[in-house]
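In order of appearance the chains are A, B and C, and numbering begins at 1 in each one.
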Amino acid sequence: MNESVLNELAEPVSRVISKPETEDSLNIEYTATVGQPLCDDAKFSTKNVDVYYADNQAIHDVTLDIGANEVIALIGPSGCGKSTYLRTLNRMNDTIDICRVEGQILLDGKDIYRKKQDPVLLRARVGMVFQKPNPFPKSIYDNVAYGPKIHGLTRNKSELDDLVEEALIKAGLFQEVKDRLHAPGTGLSGGQQQRLCIARTIAVQPEVILMDEPASALDPIATAKIEELINELKENFTIVIVTHSMQQAARVSQRTAYFHMGRLIEVGETDQIFTNPAHDLTEKYITGRFG
Amino acid sequence: MNNTDIVRQSLKKRYLKEQIFKFMGMFSIATAILFLLILLVDITTKAMPAFSQTKIALPINLDAEKLGLDANSSTESMMNADFRLVIRAALLEQFPEVTKRKAKRELYSLTSMGAEFQLRDMVIEDPSLIGQTKTIEFMADDDVDAVIKGSIDRTLPESDRRVKDQKLSWIESLEKSGQISTGFNWNFFSNGDSREPEMAGIKGAVLGSLFTLLVTLALSFPVAVAAAIYLEEFAPKNRFIDFIEININNLAAVPSIVFGLLGLAVFINFFSMPRSAPLVGGIVLSLMTLPTIIIASRSAIKAVPPSLREAALGLGASKMQSVFHHVLPAALPGILTGTIIGMAQALGETAPLLMIGMVAFIVDIPQSAVDPSTVLPIQVYLWADSPERGFLAKTSAAILVLLFFLVAMNAIAIYLRKKFEKKW
Amino acid sequence: MKISALIFLLLVFAAFSYFMARQKITTAYRQHKQKTKILTLPKYFGYVAALCSLLPALIVLFFLEAVEEPYITSEISTYITANEINASEDLDLYLNDIKGADTPEKIAALSDEKQVVYQRYHEIETVANRTITAIVLSISILLVIWGLRKINTDTPARKVFEKIIEGILLLAASIAIMTTVGIVFSVLFESTRFFGEVPIMSFMFGTEWSPQTAIRADQVGSSAAFGAVPLFVGTMLISFIALLVSVPFGLMSAIYLSEYASSTVRSVTKPILEILAGIPTVVYGFFAALTVAPFIRELGESMGMSVASESALAAGLVMGIMIIPFVSSLSDDVLSAVPQSLREGSLGLGATRSETIVKVLIPAALPGIVGGVLLAASRAIGETMIVVMAAGLAANLTVNPLEAVTTVTVQIVTLLTGDQEFDSAKTLAAFALGLMLFVTTLILNVIALHVVRKYREQYE
């Protein structure tokens, strides 16, 4: 089951590695991360994280804090490891046999890779929205109700109904689908499907939502709606968003982290990163010299 | 109470369910594997006795007078001579106390019915033996065989035992004098079928299977490859082609016995082809394995990258040339693998061959694809139906031989796949 | 002339044609001195000329050979009737005696009367044989001459040759259709003859099955009954037991292998399951009859139940285990077609693996699984050797798995493996049963293949 994910994740890494001339021409000196990777009110605190796919190192020594109720954007060229890093935060990488994570990742001060940590509980607390909308082939209602049902969050049908409605309202989808809650979720448009996936995630009421390029498969109008939604969600959730689009990062996030070749190059306030990047590489990426 | 606590509370129960579910999966697989093990062990233990054969050494006086032969007798007169007489004389000499007719008959049944033929063939080969006395090892009867191998319990009371006390005492006295020996049963591999378990062998069935498979291969391989090439490379998109594809997929799932009915009605009754012949069996089996080989060949052809075709076409080769010169050689390992798997399927098939009369009792070893013969799986079926005890071991041994061929064929297929596996 | 010799001669003509045509074109090229233009290779002209003489002659030959036998039989029958020769015994047997006399000793062994018939048979056969030889050879020779005259450098030889090859390839692909047509015709034709003797209603709905027809007309007390309901019920009972074993076990095995097992376990276990699938059914039959059935009987007796020595349970159980790998590999295909994103979606919400499988994967894969179960059912219904060896012959109308029942396939084998004349109601009944079997499995297969295809398209 894991091969497809593996290809998706591992291939870009090897591709970058196999093109050393890019590295040379950029004349990189790998130094410690520039900017402020740490913050006072950290929800997630990652220290010296390394990730390997078999013998292939995909993430090198990343140290980064993610503050409570902030939106942090992870940007960087394809294969830079930002998706891999994101997936370590709720241990989605566990589904890949050959993936190994080293270093420390603390959620509210506790290591999520400790033996006693239960990945199921972790994922209930740290939800995830994927690159491509992936609604279950069930009705819209059942899609949203699925999480609360398996976790036993509600006691009866009317509570569940309320929870589903609330989640759909929060995801800005309720008005569009209230007449057809029992129609299949796969029948919605791409943007609606993605908002359904977000609704599904927030119905579990997680503390953190990880978003892996949530708008990359959508058209601009749908993308705008998703961004609007992220702006509303940041009131209640901590959001980590991986994005390909620098504009999107600029629009939705407070902080931005720039990854390159599996290393965290620079972290800072989004405004500062986009107007006055401290690191040479960040500047080159933002000005579109490579990517 | 916040959500995390609710989730945490539910976890214990959910993990129990998870464990139960996972256990059910392991249990399913373990059951299947355990069954396979039991089956293999059961058959192997049952088969073991068939690979050894008990022999009785007797000093035989090839009395020229008794046989009515001398060293210059013609082969024909040797064929007609009664060699039972000298064997019986040898047995009587061994146990001179036996005088009653009934007891004598019991005594004579110590050696196999085949003993006289064994002696006859020896004499024909070397006529100078006539007149001499020589110790010769004869095949023992299956009852003696069973006593020696322990499948008849000597400690049972006489009334429950197949071999009575008298016979048992003879056997034991022969044992004491060292005249009984057991050796590897070559006859099992060199004889045809027989009504006597100790004489029955699988050579006829193995050759029958071989002829049948050769016919199957000769027919199904070229036709299947041609069909696969057509469907992958030349077929236009139309209803007729769709119909062909539907037919191929359906034929792959039609019960094999229905192919037997087809063979009986069309080849035997309508075209008056010979019954029980590997030729007809091969035709029926090739119709049955065609879909398998076509489907495998198509996927092998599909796996050849378009760049190879384009390269040939770009040089001015015709479509036909690009297919036969480039695509087909590249797809050949995959096609061969599929073909061997189809052949293995044909080798194990029984039901359709029952329909076309390959179930007859045939002693002669077939010499060609039109001689009446049987095949390995049907030999298994026939022996499994025989009431004699000795056939139980023979059946299991025949199954082991059949499985050996199947394993060998599959090993070749795996080897081919590994060796020629290409990543395009 | 013997058919093999005739074919050899045709091949010689074709080879001659090939060389002559090639020679003709090579010479023509040399005379034209067309050096600049790319020319069709001379060998293609040779191929075309050779095939042009060979193929029509072969087609005619096979057609004539196919009708020769029926023609001779009908001629000789007419002769027998016309001369009022007493063929009181069966006509087929009578003819077999005569046709079988292929050595002088055998001919001499025939009765005087048969000698006369044999002479006549020999005459007819010789004439027919000579006619065929003459027709085929003249066609071949005429085509060789015509082809060699017609062929010239303007003939689009390569195109024609490739068209012919394409035609041959199409013919090979069409064999699948011919096989299906052959099956349908053979079972349908014999079945209609059967239904001419036994009303279709009493076959389909009759509850008594005892196909022993009277051997002599004056025999009493053994009239045949062809009510197939006990067979249908027996078939369904055994198939049901088989599915009861194979579906849960096969599905769970597939789930475990694709969702839980490490790649090492998978790489060891999958081939083992394939071995299970590769064992010939006759081996399972032997095992069911000699090991499983006695075991079940002893087990039942130790619990105070009476179990038939050829119980439906034993056959069904072993058949079920035989089908496990089949169900497992179909389910595996179906489950792996479910997109990875659905698994991640569920896991990302904090579902456990089993929750993901039961609540997301299986519902998503349900159409595919149902298709797989239908295919497995079709396998179980058509399975022959296990039931022939381990289930009984007695047509009991019961759904008790501990009793002996018989199935459609068992009866087909029993009816056709004895020394039977072909036209008796008994042998024809086997074809009627074959028709039922074919139609049932065909319907199951068509539905299953359709469902599975639709399912796959959904995720492509």
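Points worth noting:
Assume contacts are C-beta pairs under 8 Å (C-beta built on N, C-alpha and C of every residue); 3 or more make two chains touch, one makes a residue touch a chain.
Note that the structure is a prediction, hence the values are computed from the model and not measured.
When every chain is reduced to the mean of its C-alpha atoms, the one closest to the centre of the whole protein set is C.
Of the two chain pairs considered here, A-B and A-C, the higher C-beta contact count falls to A-C. Centre-to-centre separation of chain B and chain C, using mean CA positions: 21 Å. Mean C-alpha positions place chain A and chain B at a centre distance of 61 Å. Mean C-alpha position of chain A lies 57 Å from that of chain C.
Along chain A, residues 120-121, 124-125, 150-151, 204 each make contact with two or more other chains. Among the residues of chain B, those touching two or more other chains are numbered 7, 14.
Counting partner chains per residue, chain C has residues 350, 352, 355 touching two or more of them.
Those residues of chain B whose C-beta lies close enough to touch chain A in the complex are 3-4, 6-11, 14.
Put simply, chain A touches chain C in their complex at residues 1-2, 4-5, 90, 92, 95, 97, 120-125, 127-130, 132, 134-138, 146-147, 150-151, 197, 200-201, 204. Within the complex, the chain A residues that touch chain B are 118, 120-121, 124-125, 150-153, 204-205.
Those residues of chain C whose C-beta lies close enough to touch chain B in the complex are 38, 66, 69, 158, 162, 165-166, 168-170, 172-177, 179-180, 182-183, 186-187, 189-190, 248-250, 252-253, 255-257, 260, 269, 272-273, 275-276, 278-287, 289-291, 321, 324-325, 350, 352-355, 357-358, 375, 378-379, 381-385, 388-389, 409, 412-413, 416-417, 422, 430-431, 434, 437-438, 441-442, 445-446, 448-449. Put simply, chain C touches chain A in their complex at residues 258-259, 262-263, 336, 339-352, 355, 359-360, 363-364.
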